[in-house]
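Two complexes are shown next, each including subunit A; its partner changes from subunit B in the first to subunit C in the second.
Our next item is the complex of A and B:
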């Protein structure tokens, strides 16, 4: 090749050729689309919610009925027909679903993960893990139905005082629903723990339990914690199952009182469904309260994700 | 080559030991230890190991003397690590592995049905190729063996003594609560040695303990191994022949196919090997 040919070849513009620029533009569009959609939802949620609260509505110069921030966040009655918009009963309902489902899903999920990662033979694991993921694929409406038809009557044989719509069955069914999520993500974290650490444990005469509980679980702690946060975020956002199982009466129950779980209440998501399926008029106070709840829910899950990221970054063990 | 030859050599080496050691020059650094009478602590009798259908070790017999450094050398895939992992039954963790023959620790065959591999591993420590401290504090790393064995009382004194014996104490005494992962590679490996000796095992197995380390750290580990042999029986796998020659009292040469071809005093093996194959391997003609 002559030096001129070489010079020509070296100065060819492959990097910024038209088709390169075009594909780059296409992928940029894909990436931006989801971000734009998310931002649009947040903007909409925020502006509509702003019209609901007295303080922000007056700043925006929006006419109409409003609710004060204090009444919304400290009010203990949610009754749209009488104009009482206290969000606490709904938050309490959501909290009960989170607490109840956590009691079910965290130990069972981690236990499942430990079994799959440390005890099951590779053959058994290759069958169990897909089975677990099928469980995660069951439509949530089926779970709700299952709670109402099977879990509540089963609980009723032990606890005769239980209401037809009750928090216990809602929390249990959401717990079952999120077990695969906890198990799957925790199992991934445990499988990522290098075998060298297991060998170190076994080499010192550790039992399987010593290695699982004392070496693998601590080494995978940040991943396990992430699975908790993601699963509980899912529990917070879960709608269909709790709407069916927990009922639609916005009672203000005490989430740390076990007997409260025998009664029905209305988590935040269920309240939004009720608002949407009732006759709310566009622009009315009830309509705008939908956005206020939505924004509150969003803030809670966002906060949990931020905590999860911080914890993961702080406690992640780096292995070569 | 038949399977008979290597084992015959390995067996005959034991009675020959006294004559072999007297032939060692007086100035040889191993001579002070070699003067004591040897007691056998680990004895392999006709060990065969298979991984599924592949035979990894063929009819290996050898007697490992107590409180000496015994090196096992050989090319990759010759079965030397497999043999090491037979001694503390780490091979049990590999589903495909099958071991036949007898392996005596003291007078007990560790493959007897009534032997608990967990109890065995508490008496036979192991240090691996890659330093593998737990993601725990330096202190907790060393105390781990004591914790799982429910050793009574405070562990402070044992932790300190183990770190001292592993020549790491002075470097870490002010930061015992820091993570073991904060240490350099060589320090991590010495931490792993401290962890392995904290429970005072009968035998310390080392699977290429310096192969992931730089030359300075390798030197430190080699010095340490020679010191440890005053109190422990050390069995070390290495692919580094110079290392075996430097630190070991006895050397076992495994060659491809899982045969133990020669086992004798280190000096004997390196200066006048009995087998042509071993000589070829040591002089670099093959392997």
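Our next item is the complex of A and C:
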């Protein structure tokens, strides 16, 4: 190698060497793919849902049966065989799952988080946190079967007039399912509270309970609140457990009425599965109604995730 | 960092157990085709590296990529249509026993610090596997199981015992423990059999694990096609989601400038992680089936849908792992004149690999348990065979459980087949999750 070659070799700019450009292009492509996924979801859901509604179907030049926006959002009957597509019974079913699971999961999840973050010894915590993760990793179809075989009969011994498919067991099992999510996000928020605050509390003579409830929980409130929203958004999107446990009868129940939980109903996600396991023909009205429900579901969960992000960003206490 | 080195005997066992799964799902001849198709480009890359180190990167990359594609396209077809083919057991002995013998030989050579003994151990191992392939049928086992059993279980165990016995005479006593445990279990089985003790009558028996669905009788129903189907889906998901997820994470952590576009990607990924799984199913249904014209329920459609579903989870965990690599290591690499890609390849990725692996295993576990998106993309609820290629129908364990719990609802299936299926699914998932968590705890403690 002559000196010229050597000088070239040593002063060569590598930033735009083919190897660098190729790898950078690959990584960039990967990152762009996630945007493409989101765009694909939105475009697909809106175009198919637009073909479903009479208001927008003509704009896309789609012939055939459609449903008016008013009928969809205010109709109280969901009966695809007679062409009645009112989404309210499904939304009511989803709301019941959310209310029921919130009653189960929010107190238990926060309680678990307080125990893990404030009371448990480090050794116990290192055992319990993986256990929570494993609970979070159990498939939802297993939870659904668990509700059907164990929770419903157990409820039946207390409340004899409970139906075989009922909202109560669906809500309870979804509640159990989202406990790990509430617990682990809340625990992260509580662990981030600096020890000085706790020590200040103890210095004033507070008990461990006073410090946990009066200092740590308020200081971690934004994290706890965003854990609630994320967990409930998961409860809304939860599909298999409610499909198996709540049955496939779309009834319009009152979510505030406790006795309504003894009956079966059909949340939005369960309705989608029921449409698919029934005989839907590709491109028909039932097929498009699937995307209309999907769009509603996507919009609700997206909104909740955005709210959770905003709450976490707006009310986060910065500790140095 | 001696504890980072995974013992060769252990890795031989892992390799072998993964290989067994494939051998059971693929016929040996197809397996041979793919092994050869992957081995040829590998050999070519080693050869190029040896012969000419000055070859420009792009030329080398293009050559190898073309070779890989061509070899994957043509070699399996050529192999399956060869006029004379070796028997299944010979194929397995060479493709499975060969690498295992090589690993075992290296392990022995490393531990005994003697090349010649290592060669002898490796050669002996290979001969033992070949012997099993030829003689297996004469000792009461079929040739194929005998070969697999020898290469996977007997050879690594015997080599380990031999090496420990020679290398550490003081520790020979420790070898008694597995022998006592195994012998005790064997003795117990013989005693129970001989004295006719009534044991628990488990629904999960050999017939359940190897049989197919039976709509008239829960007792005769089996789980085999969906176990295989779930494994195939798992592989497709891993192949799709791992490179794309890690690539995105590397871009965001190592390359991305701090601008609006990067922030959009960032927010977008965390929102994608919160999209309900059934909506991903709709994406698969609309995109792959309605617009791209794939037929519903194929292995490719199911795997791609699940891959998209777990992509955000893989990205988020890989980013965390990459972020935990200390900046001083990157700066040391740049200080030695390394380029950005060299730093990523040689410093960041190896250091973050355990964390990335943990996140990926957890995410794949999530994919294996998902049912809703698979229902939406039309996986069949009843399937009697494994898929033969990517575009044939595939089953999945949670799908089968759902079908048994809904279509065949009744005390027969509720009390037998469904719980048995649930237990098999949970065993697989808990095994995957505990491997992931154990891996993470081990590396967290080291750091």
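The criterion applied here is as follows: the second predicted complex is superposed on the first by the 304 of 320 C-alpha atoms of A that agree within 3 Å, B and C clash if a C-alpha of one lies under 4 Å from a C-alpha of the other, contacts with A are read in each partner's own complex, and residues count from 1 in each chain.
In the analysis below, a contact is a pair of C-beta atoms (placed from the backbone, for glycine too) under 8 Å apart; a residue touches a chain by one contact, two chains touch by 3 or more.
Note that the structure is predicted; figures quoted are calculated from it, not measured.
Engineer: Identify whether subunit B and subunit C fit side by side or clash on subunit A in the overlaid structures.
Structural biologist: Superposition result for subunit B and subunit C: fit.
Engineer: Kindly classify A:236 by the partners it touches after superposition: subunit B alone (first), subunit C alone (second), both, or neither?
Structural biologist: The second partner, subunit C, only.
Engineer: Just subunit B (first), just subunit C (second), both, or neither: which does A:60 touch?
Structural biologist: In the superposition, A:60 contacts neither subunit B nor subunit C.
Engineer: Taking the superposition as given, does A:291 touch the first partner, subunit B, the second, subunit C, both, or neither?
Structural biologist: The answer is second: A:291 touches subunit C but not subunit B.
Engineer: Let me test your reading of the model: by the given contact rule, A:192 touches which partner, first (subunit B), second (subunit C), both or neither?
Structural biologist: Touch status of A:192: no partner.
Engineer: Determine how wide the angle is at the CA centre of subunit A between the CA centres of subunit C and subunit B, giving a multiple of 10 degrees.
Structural biologist: That angle rounds to 100 degrees.
Engineer: What is the contact status of A:202 with respect to subunit B (first) and subunit C (second): first, second, both, or neither?
Structural biologist: So A:202 only meets subunit B here.
Engineer: Should A:277 be classified as contacting the first partner (subunit B), the second (subunit C), both, or neither?
Structural biologist: Once the two structures are laid over each other on A, A:277 reaches subunit C alone.
Engineer: With the two complexes overlaid on chain A, what is the closest approach of subunit B to subunit C, counting only CA atoms, in Å?
Structural biologist: Minimum C-alpha separation, subunit B to subunit C: 20 Å.
Engineer: Considering the complex alone, what residue numbers of subunit B touch subunit A?
Structural biologist: Touching subunit A from subunit B are residues 88, 90, 93, 95, 118-123, 125-126, 128, 130, 132-136, 144-145, 147-149, 181, 192, 195-196, 199.
Engineer: Can you name the residues of subunit A that touch subunit B in the complex?
Structural biologist: Going by the criterion above, the answer is residues 121, 194, 196-197, 199-207, 210, 214-215, 218-219, 317-318.
Engineer: Quick check on the complex: what are the subunit C residues that touch subunit A?
Structural biologist: Of all residues in subunit C, those touching subunit A are 56-58, 61, 243-245, 247-248, 250-252, 254-256, 264-265, 267-272, 274-280, 282-283, 286-287, 290, 308, 311-312, 315, 339-341, 344, 362, 365-366, 368-372, 375-376, 378, 381, 398, 401-402, 405-406, 414, 418-419, 422, 425-426, 429-430, 433-434, 437, 441.
Engineer: Note which residues of subunit A are touching subunit C in the complex, please.
Structural biologist: Per the stated touch rule, the residues are 14-15, 17-20, 22-24, 26-35, 37-38, 40-41, 44-45, 48, 126, 130, 133-134, 137-142, 144-145, 148-149, 230, 233-234, 236-240, 243-244, 269, 272-273, 276-277, 282-283, 290-291, 294, 297-298, 301-302, 304-306, 309.
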